[in-house]
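Labels run A, B, C, D and E following the written order; every chain starts at residue 1.
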Amino acid sequence: MSELILETSTASMRRNFWRGVWRVMKRKPSRMAGVVILLGFTVMAVIGPLFYPENLPYDPNAKYAPISWEHWFGTDGQGKDVWAQLVIGSRYVLLSALVTGVITVVVGAGLGLFSGFKRGRWDTVLMRLTDMKLTIPGLPLLLVLSTVWSFGSAIEMGLVLGLLGWGGVARAVRSQTLSLRERGFIEAARGLGLSTTHIVGKELLPTMAPYIAMNMLVAVTGAVYAQVGLFFLGVLPYEADNWGVMLNLAVFGGGAMTTTAALPYLLAPLLAILLLTLGIVLVVDAMDEIFNPRLREE
Amino acid sequence: MTVVLKKLAGHLARGLVMILVVATISFFIVRNIPGDPMKAALEMKVAAGADPVAAAQEVKVIYGFQPTGSMWSQYVDYLAGLATFDLGTSTLHAGQPVTEVLTESAKWTVLPVLLGILMSFLVGVILGVYAALRRSSKLGDILAISGSLLHGVPQYVLGLLLAAIFATSLGWFPSEGGVADILIEPGFTPEYIGTLIRHAALPVLTYALASYGGWVLAMKSSVVTVLGDDFILASELRGMKRSIIFRYVARNAILPLFTILALSLGLLFAGAVFIERIFNYPGLGLKLIDSVTNRDYALMSGAFLLITVAIVVANILADLLYTVIDPRVRQ
Amino acid sequence: MSKQAPGVRIDGLTVTYNNLPAVRNVSLELPPGTITGIVGESGSGKSTLALSLLNAVQPPGRIAAGSVEIDEIGNVVEFAAEQIRRVRGSQIGYVFQAAQNSLNPLKTVGKQLLDLGRSHGVEDLRGLVRDAKDLLGRMGLDGARVLDSHQHELSGGMRQRVGIMLALVLNAHLVVLDEPTTALDMITQSTILKIIREVHEERGLTTLVITHDIGVVAEVADRLAVMYGGRLVEQGPTREVLASPQHPYTRGLIRAIPRLTGDIDEAQALPGRPPTLATVPAEGCVFRERCPLRMDVCDTVDPAAEAYGTRIVACHAVKVKEHA
Amino acid sequence: MITGTGIVKTFKQRGNVLDKREVRALRGVDFSIPKGGAASFIGESGCGKTTLGRIIAGLETHDEGEIVIDDVAMSSLKPKARQPYFRRIQMIHQDPYSALNPTRTIFQTLQAPLRLRARQTGRDGKWIDERASEVLSLVGLDPGSVLGRYPHQLSGGMRQRVVIARALTVDPEMLVADEAVSMIDVSLRLGILALLKDLRERLGVAVLFITHDVATARYIGDDGDLYVIYRGQVIEHGKVDTVISDPVHPYTQSLLSAIPVLHGLEQPGTQPVVPLSGLDESLSDGGCLFARRCPFHTERCTSELPALGRSEGVPQEHACFYPERRDVVARPMSGV
Amino acid sequence: STDNKPAATGGAAAAAAVYTTVDGNKPGIDPAGPANPFAPKGNSFSGYNAMKLAWVKNHLTDPNQFYPGIAESWEIATDNSSVTIKLQPNNKWSDGSPVTAEDVKLSIAIAYTQGNTAFTQVPGAAGSASEVTVVDDKTIKVTQDMANPVTTFARGVLDTPVVPAKLWSSVVGADIWDKIKAARTEGADAEAARTYLTELGKKIIAHNPGQDLSAGPYVLERVNASAALLKKNPHFYNAANVAPEKVQLLNFTGNEQVWNYLIQGKLDSSPFVAVPADTMTKIKATAGNQVIKGYSPVVVGLAFNQSKAPYDNVHVRRGLAYLINREEVTQIASPEGGTAAVTTSGIHQKAAAEWLGAELGNLEPFATDVAKAEEEFKAAGLKKSGDKWTLADGKPWKVSMHAPAGFSDWVAAQENIKNQLIKAGVDAEVVTTADFPLYQTEMAEGKYDTGFWLIGLGPAPYNIFQRIYGAANGWANIGGKVTHNAPGKNGNWMGSKEEVEVEGLGKVNPGELTAKLNAVSPEEQKALMLQLAKTANADLPVIQLWDYVNTQFQNTTRFTGFPADDSDLLRLPHGVWIQLGLVKAKS
C-alpha cells in the first residue's frame, strides 16, 4: 500500500492530455494562428455565404475593376465582386472537403482496422488493393474520370475524392493497428473474451483517433487541391463562384498571366489556398508534436 | 546479389499485375466515356469555315482510327497490343501510333521532372539536416514551416505564382511556353542549350519548389530519428571525429528518403498535368489533357498507363536501390 | 604496455537535467587497476554518472558541480570539446548501455574500426586491424569474419564483444561498461562477464561496470557502489558489502534478490517504489519513503557520505548505530 | 487441469514467394499442469517459451499435437467453442505498460470484462463496481486511489498488479505469467512473485511461470513443475527443487552454472558446465539439439535424438543419453 | 530574353527575313508528325508548304470565288456542270520538278478518300464529280454529275489539297480510279470498294512521305515542340514576290500564349483568337501592332428545344428575345470577337445586308423591351406571381442554359443572360458540361432546354440555313430529297413544327426552302433567303446573339502590305498573303 504515498506528486506531474495540447499550442504562437485560420475558413464557409444574395450583383461596366474599398479583390469579367465569390466558393471547397474527410476516415480507417486486425489473407488482399490504389496516379485518374462523371455538387465531388483518397489513411491505420496489436492490451482484451466491437470501438479507435485525424487532414488537403485543380484545368463543368473556376477564368479568360487587370481575380483564390494551406500546416505541425514524442523538443 | 534478383522478380510480377489492372481500368473507363468526339470535331471544323459535308467526310476518316467491334474483342485486342508495346492509334494525331506520340512528349516531362527533383533533393536534404540540427532555433522553425508550406501548397498555386512573377511581371523567362527557340540551330551549342534551359527553367523550378518542402521535412525527421539512435552517441563516446559522425548521420538518415524519392517521382508525373498546362510545356500532362478534351481514347489510356508505369517502375527502382544500399535488407 | 591503469577521483559531482539533479553530490574513487561496480535501479543515475566520466552528459543534462579527476588526463569536466574528444576512445573506453545498437548499421565493423582509427590519428591502420583481430580472438570470436560483418549479422553477445573491442583497441586503460549484459541471456552473460574479468587483468585496466543486477557486480567487481535516487548510498569492497550491507537500501536490495538455494521465504521485496527525477525529494534522505529505519532527521537533512572503515555509507541511521 | 501432448509449432516467415523461411519454435512438447498447480518454463531466449505460453492461453494456434483442458480435447471443438475454455487461462504480459490501454482508466479497463461477466451471470452494475474493488484489493492495491487513474499514472509494479487484477476479473483457473517481472525494478520483483504465489494459495489459481531466470522459478512454490526448454524441446522436467538442486542434462547444468554468484554470500559450484559455443540456430540432423554445444557429447549424441524420459536413479524426466549429476549450483557460504 | 528578339541570331537583316506567326488551323505543333497535309497534327501548313488548287475567298454571298493557288485560273461552266483548271505554268516542287496535271489528278484521287463535297464516295451525293480529265500537262477538267447538281461544285473542286505524285502514288496504287468508279455505284462490289477507299484514307493520313516536297512558297526546314521553321521554296512560281526568307510558325496550346506573343511584339501577324479587353489594350500598346477586323461567317445563337414546354410556345421565345440585351451579352462575353446581332434572322449581319437588302430593316429587331416581353409572356399564358414569372399552371419556371465548360465566352454570355433574366423576374441557371463532345451528344439527344448553337455558317446559302432548318431540326436532305423526322428522332432536337405560319408569307416549310438553296440560281436564292430570314425572325427557333468578328493582329515594324479591314484575305491562311506577294519586307 505504501506505493501510493507518492501518488499525489506523480499525478500533479503528469499533465493531462488537453493541458499538453494547450502547452504545445502556446509555445509557438504560429500554431494558434493556424487554428485561428482554420476556424476563420470554417466560419467563412458556414455563415459567410448568408451575407450575399443568391445571385451576386454584377456590373458590365466594371469588369476586372481594381481593388477598392467596395471590392476588396476587385471584380471579375462579369463585374461581380471577387471577395464575395471567394466567400461563397469557400462553402463548396469546405463542404466537399468535409465529405471527403468523412469518407476517407470511414473507408480508410474501416479497411485499415479490418485489415490490420484480421491479418492473414484478408490483409494481404486488402493491402495489395490499397497499394494498387496508391500507385494509380490520382490526378490523371480524376482527369479521366471527369469525363465519365460530372461532379454535380460539392457532395458528389467529395464523395469521389473520398473514394479515391482513402488509401493513405487505410495504410496508416493498418500499420498503426498492427503495432497496437502487438501491444499487450489488445491481446489481453481478446483473451478476456471481449467482443471485437469492444476492442475496435473502445480500445483501438480512441488510441488511434489523433493519428487518424492527422492522416485525414492530410488526405483532405490533397483532395481540396485536386478539386480546385480540376476546376482550374477546366475539365469539370463550370460552377459559379468556385475557386478553381475563378483561377481558370482569371488565367485563360481574363489574361491574368498577361496583364494586371485580372491579377486580383487570380490572386484571391491563390491567396485563399495559400492561407488555408498555411493554417493546415501549422495545425499539423502542432499535432505532430502532440502525438509524436520524437519531435517533442525540450 | 541473388536477393536483389529475387526481389526484382517479385517486383516485376507484381508490377505486371498492377499494369494489367490499370490497363483494364483505364480501358473500361475510357470506353465508357460519354460524348461523341466525331460530332464535336465536325462542329469545330464547321465553325472554322469548312464545308459541312466535306468536313463530315473528313472527320469520318480521322475517326476511322478508333477501334471498332464489341467491347470484349476490343479489350482483347488492346491487351494483345500492350504485349507488343502497341497502344493503338491516336485520333488527335490521326494516324500516329500512340507510343510515338507519347515518347515524343514523355521526354519533355521526364527530363524536367528528374532535374527538378534532383535539384530539390539536394537542396532539401541539406537544409533538412540543418533544420534538424537547429530544430529549436528560429531559423530551424522557419525552415520547417516553410518546408511544410511548400510541401502543402498545391503545385498549380506555385506554378501560377512563379509564372506571374518571373514570366509575366519580370519577364525573365519566356511566358509563352514551348521548349526551345526554333531559330536556334539544334545541336550541342551553348545557344541551343541556353534556349532549352530558359524554357525549362520555370517548370523545373516549380517541380523543384513543389518537392523541396517534402525533402526538408522528411530529412529533418529522419535526421532527428537517427540522432536519437544509440550508435550515434556510441560513436561520440568513442571519440569519433565530428565529420565522421556527421557522415554516419547523413547516410543513415538519407536511406529512408529513397523510397519517398520514388514515390514523389511518381506523384510529380501526375502533377505534370498542372505545371505543363500553366507553362504550356509540351509533356505528358498536356498530352493527357489534350486527349481528354478531344476524346482521343487510345491516347488517353496510353498516357494514363504510361504515367502509372512510371510510378510502378520508380517504386521498383527505389526498392531495389534500397536493397542495394541497405545491408540490413540485403540480408 | 607502457601505460599504467589510471586512478579516478570523482568529487562532489552533481548532474542536472533541466535543473533537476539526476546525480547529486557524488564522490567516488576508482583505485587504479580495480573493477568497480555500480548498482542501482532504473533511473537512479548510473548512466548519467558514467557519462560524466567522459564529460559526455547529453543535453539538456549538464554537469552542475564537482570534478572528475583522472590520472594523467586531468579534470575532464573542464575539458573543451575537441580536447575531450581526443581523450574519449583513446584513453577512456566506453561500452555502451545498449551495445546491441551501438554500431552503425550501414557499415561493417571493420570500416567503423578504421573510422575510429582515423578519428584518433592512428597512422598504422593495419596494426590497428591486427590489434582488433587479436582482441576479438581473445574474446573467442573469429576476428576476420567479425570485422567483415554488419551489425545485423552479429548476435547480441558478439556485438557486445565488438563493443568491448572498440573500447579497448586504442589502448585505453580506463574502461566504463554501462549495463554490459542487459538483454543477453544467462549463458552469454556469464561468458561476457568472464571476458571482462580476463581482459581487465591482462591489460591492466581500471574498470567501471554499471548494472542494475547485483549478481553481475558480485561476479566481477572488486568494489561495489550502490546508487539510489542520484545519490551514492553505500560503497565498499564487494564481498563486504554483500556480506554485511549497512545502508537499509542495500540491505533491502540484497534481500530482494531471488536465489537458487536457501529458504525462499527469507527473500522479500522492498516496499514502495524508487523515485524518478521528478519525485526525488528536494531535501532530506532520498530513501526515507521506503526506509524501515526512518527518523525525523531524514525528512530534512540529506545524510552525508561517511567512511566507516573500508565502507562509505550515507545514512543517518547507520551513523546513529555507530555512535550508539 | 490442462495437458498438452506433442505440441508442434512452425512459423513460416512471410516474404517473397521465392524464398520462404521456417522457424521451428516448438518440436513436440508435452506438459501437464494440474488444477491449482504450478509450472515453470525456463530456457534461453528464443527457445519457444512465449510461443508455448501463448498456445496454452489460446492466443496462438499450434500445428500439431493436442491440448486438453478439463478433459476436453480442444481439437474436437470449433474455434468459437474453445473460447470459454481458453478464457479461463489468462496471460500476464511481460511489459505492464503496453498491456494496459493508455487511453482508459483502470476502472474502465476492469469494467469491460466484468460487464461481460455480469451479463453472462445476470448481475447488475453494482456488482461490477464491487468486484472491481475486490480484485484490486486481491492484488494489494487500494481501489479508492487506483480506480480513477490512467496507466501512466502508476508505477511499473502497480501496473503489473493491475494487469493481474484484470486477469482475475474472469475468475481464471490459470495465470500464464510470461517474464512477468523482468521489466520491473529489482527491488519490486519479489512482490509480484509473492503475489502470484499468494493468489495460488488463496484462490487456487494455477500458475504457469515463464522465465529465463531459473531462480525466480522457485518462487511459485516447491510443488511446482519445472520444464527446461531448449530450441523448442523439453529437455528436462521435474519438480522445481529437484531439477535445480540436481540437474542431469548438461544444458540445464550450463544454465545454472551461468547464474552469477554472489561472492561473499555464496560459493560457486565445483563443476560448472560451460557450453562449447554460443547458440547456433542451424538444424542438427537427427542428433541431440544440444550436441554441438555440449562439452560431453559423443558420437551417439550427434546422430540420435534422445527422447524425454526417465532413467534409473534420476527422479526427473530428461532428454540426455548420459544423465549425470554435477555440482553446478552456488551454495550459500556457511556462516553468513 | 532572346526569344523576344529573334534578331539575336542573325542581325537586323535576318530578323526582317523571318516572318513570325501562328497557324490557326494547326494549334499544337507535333514535331513527331509527318509532313503530310492530311494528318491533323502533321507538319504541312496550309498556305506555306501545303497548297490547294485555289484558295476559297468565302465571299459574303458567292461561294465560288477564289485566289489562285496551284491553279492559275479556272473556268466554271455557267450551269456549274464543269470546271476547267489551268495550272500555274512555272510552278515547281521544291526539288525543281514541275507540278503537273498528273499530280493534281492523283491529289483528286486522294480527295476521294479524305472527304470533299465534289469528290465523294457516296453514290448519288449532291454536287459530286462524274469525270476527271487530264486535258494536257497543265490543264485538267472536272465534270459535275448533273443528276443532282449544286451551285457550289467548283468550290469543292478547287478546295483540293495538291500533293506530289512522286511521294504519294505508291500509297495510292494504280487501280485507284477503278475503285472510285466502283464505289460510286450500288451493290456488293461498290461496298467493297468503299471499304477499300476508307482504309486507304487511313493509310494516307498515316503516311509519312519522309521528306517535305512543297509546291508552296515555303518548305519545312525543321520543327520542334515550340515551333516549325520553314524556308523559302525557290521553285515556287511567285518566289520573286515572296518577301520573308523564312517563316516561323509558333506552337500554341492556349490562347494566352498568343496574347503573350502579341504583347511582346513577336508576331508579324496572328489569326483570330479571343482576347480579353484589358489584354487587348496591352496588345495595342505594343509598337507596330495593329488590330484588323473582318467578316467571319459564324453567328452564335441561343437555340431552343421546342419539344420542351414552355419553349414550344413562340411567345415565350419572343418574350425572351425582348428581355435579353444582346449588346450587354456581347460586351461581357466577346467584346472584341463579336458584334451584337441587330436582329435575329439566322444570317450574319454582314451577309444579311447583301442577301436581304432593304428588307433587313423590316425584320423585327427585338430591341430590349420589358413591356413587350411581358406582353408576350402573358400571351403565352405565363403568370407573374410577385416579381417572378411562373408557368401557366403556377409551377416554377427556370430557364436552363447549357454550354460546354471550356467555351469561356459562351459561359460568360450565359452567366450574363442569367443575370439579366433574373433581374427581369425570370429564374435562370447556367449548366455546363465537361467538354464539347459531351455537349454535342447531350444536345443532340434533346437533353437540354436551351443551349448555344452556331448558325449562319456562310457563305453558301444552303449552309447558312441548314444550321437552323436542317438535320438538327428534323429535315433530312438525302440526294436532294427532303424528309422530316419527328422531334426526338434522328437528331432532331430543336423540334420546330414542320410548317410555320409566318405573317405575310403564310404557311412555310422552311426545311424544304433551305434544301432548294443548293441548286437554284442566284436570283432565286435571294428570294428564298428572304423567306427563310422572315421565318427565322418570326418563329425564333434560335435567338441570334452575336455575329463573330474576325479580329486579327498585324505588326508593321518588320513587314508591310498586310490585308486591310474587311479584306476577304483575312479569312485565308496568312501564307496565302505571302504567296500572293502582298507582304513586303520593310526597308
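Keep in mind that, in the parts below, contacts are C-beta pairs under 8 Å (C-beta built on N, C-alpha and C of every residue); 3 or more make two chains touch, one makes a residue touch a chain.
Here the structure is a predicted model, which is why all the values come from computation and not from measurement.
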{"item": "Fewest hops from chain C to chain D - one hop per pair of touching chains", "value": "1"}
{"item": "Centroid comparison with chain E (C-alpha atoms), farthest chain", "value": "C"}
{"item": "Dominant interface by contact count, named by its two chains", "value": "B-E"}
{"item": "Centre distance in Å when chain B and chain D are each reduced to the mean of their C-alpha atoms", "value": "55"}
{"item": "Whole-Å separation of chain centres (CA-atom averages), chain A against chain C", "value": "51"}
{"item": "Geometric centre distance via CA averages, chain E-chain C, whole Å", "value": "92"}
{"item": "Where chain C touches two or more other chains, by residue", "value": "273"}
{"item": "Residues of chain D touching at least two other chains", "value": "155, 157-158"}
{"item": "In chain A, residues with contacts to at least two other chains", "value": "3, 10, 146-147, 235, 251, 257-258, 298"}
{"item": "Residues of chain A touching chain E in the complex", "value": "55, 58, 60, 63-64, 77-79, 146-147, 150, 234-238, 240, 248-249, 251-255, 257-262"}
{"item": "In the complex, chain D residues that touch chain C", "value": "44-45, 155-158, 185-194, 212-216, 218-219, 244-245, 254-266, 274-275, 278-279, 329-332, 336"}
{"item": "Chain B - residues contacting chain C, complex", "value": "229-231, 233-242, 244, 248, 251-252, 255, 325-328, 331"}
{"item": "In the complex, chain B residues that touch chain E", "value": "34-37, 39-40, 43-44, 46-49, 51-62, 64-65, 89, 92-96, 100-101, 103-105, 108, 171-184, 186, 191, 194-195, 198-199, 277, 280, 282, 286, 290, 292-295"}
{"item": "Of chain C, residues touching chain D in the complex", "value": "41-42, 155, 157-158, 185-191, 193, 212-216, 218-219, 238-243, 252-254, 256-262, 264, 267-270, 273-274"}
